[in-house]
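Once you scroll down, you'll see the structures, which are given as structure tokens.
First subunit A sits with subunit B, and in the next complex the same chain sits with subunit C.
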Partner chain A sequence: MSRHIEWLAALLGAALLVLLAWSAPWLRFVLTVALAKGIAVLGLLLLLRAGQVSFGHALFVAFAAYAVAFAAPSVPEALLLLPLAALGSALVGLVVGLFVVRYREIFFGMLNLAISMVFYSLLEKFYSITKGTDGIRLPPVTIAGQALTGATYEWTVFGIALVLALAFGALVRVYLASSMGQALMGIKTRETRLEFMGVSGRRVLLAAYVLSALMGGVGGAIIAMTSRHVTPALAYWTASGELVFIGILGGAGSVVGPFLGAVAYELTRVYAAAAVADAWQLILGAVLLAVILFAPGGLWALLRGRRTA
Partner chain B sequence: MSALLSARGLRLAFGGVKAADGIDLDVMEHEFLAIIGPNGAGKTTFINMSTGYLRPQAGSITYDGTHQLLGLPPRRIVKLGVGRSFQLPQLFTEHTVLENAALALAAREGIWRPFAPLLRPAIRAEAEELLERFGLLHLADRRADALNEGARKLADIAMAVALRPRLLLMDEPTSGVAAADKMQVVETLVRVLREARVTAVFVEHDMEVVARFADRVAVWGQGRIAALGPPGEILNDPEVQRTVIGVVPNAVA
Partner chain C sequence: MGWLSENGLLLGLAALDGLAYAASVFMVAVGLNLVFGVMRVLNVAHGSFYAIGAYTAASIGLAIAAAGLPSWLSLPALLVAAALVGLVLGPPIERLLLRRVEGQEPVLQLLVTFALFMILEDVQKLIWGVQPVSYDTPLKLLGTVDVPFGEDVIPFTAYQLYVLPGIAILTLVGLAWFLRRTLTGRIIVAVTTDREAATAMGINAARVTMLTFTCGTALAALGGALAVPTTAMVPGIGASTIVLSFAVVATAGLGQIEGAAVSALLIGLGRSFAVYFEPELEVVVPYLIMVAVLLLRPQGLFGVAETRRI
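Now for the complex of A and B:
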């Protein structure tokens, strides 16, 4: 039953996004970024299921975005850049993960934050390599060998983001229903039992962590290709906080949640920034407060008409 | 009969408290060994040392004649065939009873299958069969945190049995179980464990349970084994009665 509702919501949502992007062309960029962030937040959702919150996941988004920016001059093909950058993030996730999965809760969250801020500083300070806060501009890249421009390029990147969002949503759904995914949720409630079942809780968390880093990387690569400009702000702690914000806003109860949250977040930001330029964070803050107080299961639970904490 | 578990000279002190002060014990294959003794005598510490949760400061624990358990993490010891259950049941509280059982069964072959659903038909059938043996099948779809204490204890032990241990160490399997349910819980346990031909060590405070369940009884006192023998002999020993059971001989009130 729940399976069908999620599929229906995902397909309806996808159709709605296409319609939105078609009717308001300037929203194509906003929605592409929303889908990219949604994929990154989907990775965060895995960790949330284990009861862990990473306040540093922008590290993986930014790493892949910079990987795309650095590699684009020599490999100007989006369909190569994207998987390469995402795998790069997954590899970084493995190295960082080996360390952080030894910790839980606040220590896990803060260590992630610390490592992401180290990366931010490297991006900012090594001006000769990274151009500091100026960031790096992307040269034009081909998609499947085609040199696309303007609206065609935007539509294609949007399409790639949409397909990847659906694919990763399905993947995470299957993963969460598997023994590995169920054991991941066991970390939240009884990690001791996992150990006494002969299962290493750390390894279960590490697998999810690497997958979440991969998805952060996919999101980052899409962001780089759609904004064509990468800056250290991608790795700043507010960017990580934004991902957690979106996760709570959308709800961790379903793989649809992160995308609901991301689209709602980006649209609110765009419209609130246009209406009340100085106070849009105030509006976002009020929205989050309302969600936490009245819909702890996020927008997804609200849509389904029942609360799931 | 040979010793399945041999502890020699186990010592462990927490500050000034000697939780293990030279423990020597052989657990024989297929026996049910009860551990009794006052609180703080080191009964749970013995189980914790045998399952890798605590490391003794001295001594050795040999399993099945060849495996040295000391220094191994719990999950390695579990893989060797030594299971345990807990005084406070360690269940996945946000999962159903069926999912708890299924996870334990899946863990036997390793849970590293990201694409196979946990509740695939083979595992579901096996989990239902396991719950049936423990008389828990009617609770299969309940969340683990919605069970009464007796059912939680049985589910906890069922998850240990799911891993097909040769040796099962149980920490107070009947504590917290309502008096009316206690004997039924014990009957179920004895039946399942005998069927599975499991060797069992269990810490127990209820002497009625001990008398009915145990082949041998070990009496713990201040980190040492004060007495060891068949229940008929041990439970009638005046010293044991005075220190453990709390019976005052020829009491004058």
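Now for the complex of A and C:
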């Protein structure tokens, strides 16, 4: 039952996004970024299912974005850069994961935060390599060998983001339904029982962590190709907080939630910044408070008309 | 020995600087720790209280100067600013926001404070603008002291040498005494240890929570107020302060007061040495210390390992 509703929502949402991007060309950029962040948040959702919050997931987004920026001059092909950067993030996720999956709850969150902040400072301070806070501009890249420009390029990246969003949404659905996914939820309910059954909680969490890092990397690579400019701000802790924000805004109950949240977040941000330039954070904060206090299941639960917090 | 004689003075200066810096960081971290102990919420908005405390202190100080009042008033004004911020922001935030999500998922509680952080971040910009705000009357008022260092002397401001560490030590001793020797303090410790049992004994946990949150807010604001004579306040300072105090608290172990002092010193000195000798590492050092400590002792330097709940 819920399966059909999610598919329907996903396809309807995708059609709506295409319509929006077509009707208002300037929204194409905003929506591509929203889809990219949605993919990263989808990764976060896996960890949320285990009851763990990473307050440093922007690390993987930023890593892949910088990987794209560094590799683009020598490998100017988007369809190669994207998987390479995402795999790079997954690899970093494996290394960091081996360390952080030994911790739970507050310590898990804080270690993620600390490691992402270390990465942030490296990006910011080693000016000779990373150009510091100025960031790096991306040279033009080809997509499947085609040198695309202007609207065509934007449409293509948007299309790639949309396809990947649907693909990863389906993948996470399958993953959560698998025994690995079920074990993941077991970590949240009671890890000791899981271990009594002979399942290693750490390994289950590590697998999810690497997958979520990969998705963070995919999101980061798309962001780099869309904005064509990467800065250390991508790795700052507030960027990680933003991802958790989107996850809760959309609702952790469904794989559609992250995308719903990301689109709502980006649109609110754009319109709030246009309306009151100095207070967009204030407005977003107020929206977040309203969601937590009055709709703890997020937008997805609101749409479905019942609370599933 | 060549390196040491060449850099000895710099080393001394770094140590003095680190000490003063640790003092201000300690205030913020100990407040965060206190609040976490009672509420089990890591308050992301704690850094905003630091920034607002700093801005308020600067505003009050400038108002004193503008009114032509004697300049020694600028010192007590720092304390007044901190108390004011604690009393004005603490109780309503606890009562209207945090109490409403009490007992909900930790993620939601954390995000409530994150939302608050975002709101306060813009409130600061709306009130105090985006230009750097600096206010150094207390610093100038007390002048400098020549600190003997081997055969040389290091001129250092009396404010950073005496006032900052002095207030930090007073806070540490006062807090330890308050929590262990007074009834109210022991009630706070009781609620921290076991909220349910404390409530069963007739303790009004909600009131204790509000009191603790207000104290924690005032401590963060005090950290900011004390830092404003030495650092210019710019937007974003709250965001960098909070991650630093997270690092201090995690290094010390959650719920540790004296531990927070030790790890504030460790991180303050570490950062200060980095500033003088390897400036690129300035921001990284606190986290490296934290990660290294947590690798060896997952519960922090002074934390007590919790037995697993089965």
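Here is the rule we go by: the second predicted complex is superposed on the first by the 309 of 309 C-alpha atoms of A that agree within 3 Å, B and C clash if a C-alpha of one lies under 4 Å from a C-alpha of the other, contacts with A are read in each partner's own complex, and residues count from 1 in each chain.
The criterion applied here is as follows: a contact is a pair of C-beta atoms (placed from the backbone, for glycine too) under 8 Å apart; a residue touches a chain by one contact, two chains touch by 3 or more.
Everything quoted here is computed from the prediction, not taken from an experiment.
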item	value
Clash or fit (per the criteria above) of subunit B with subunit C on subunit A	fit
Which of subunit B and subunit C A:Leu293 touches, first, second, both or neither	second
Partner chain(s) touched by A:Tyr175 [first = subunit B, second = subunit C, both, neither]	first
Subunit B versus subunit C as contact partner of A:Phe108, first or second or both or neither	neither
Centroid geometry (CA): angle subunit B/subunit A/subunit C, rounded to a multiple of 10 degrees	80
First (subunit B), second (subunit C), both or neither touched by A:Met197	first
Which of subunit B and subunit C A:Phe63 touches, first, second, both or neither	neither
Residue contacts on subunit A - larger count, subunit B or subunit C	C
Subunit B versus subunit C as contact partner of A:Met185, first or second or both or neither	first
Shortest CA-CA distance in Å separating subunit B from subunit C in the superposed model	7
Residues of subunit A at both interfaces, subunit B in one complex, subunit C in the other	192
Footprint of subunit A on subunit C - complex, ascending	42, 44, 97, 100-101, 104-108, 110-112, 114-119, 121-123, 125-126, 239, 243, 246-247, 250, 254, 279-284, 287-288, 290-291, 294-295, 298, 308-310
Footprint of subunit A on subunit B - complex, ascending	51, 73-76, 78-79, 83-84, 86, 90-95, 99, 102-104, 106-108, 110-119, 159-160, 163
For the subunit A and subunit C complex, residues of the former touching the latter	48, 53, 55, 99, 102-103, 105-107, 109-111, 113-115, 117-118, 120-122, 124-126, 192, 236-238, 241, 244-245, 248, 278-282, 284-286, 288-289, 292-293, 296, 309
Touching residues (chain side subunit A, partner subunit B) in the complex	174-175, 177-183, 185-186, 188-190, 192-200, 204, 207
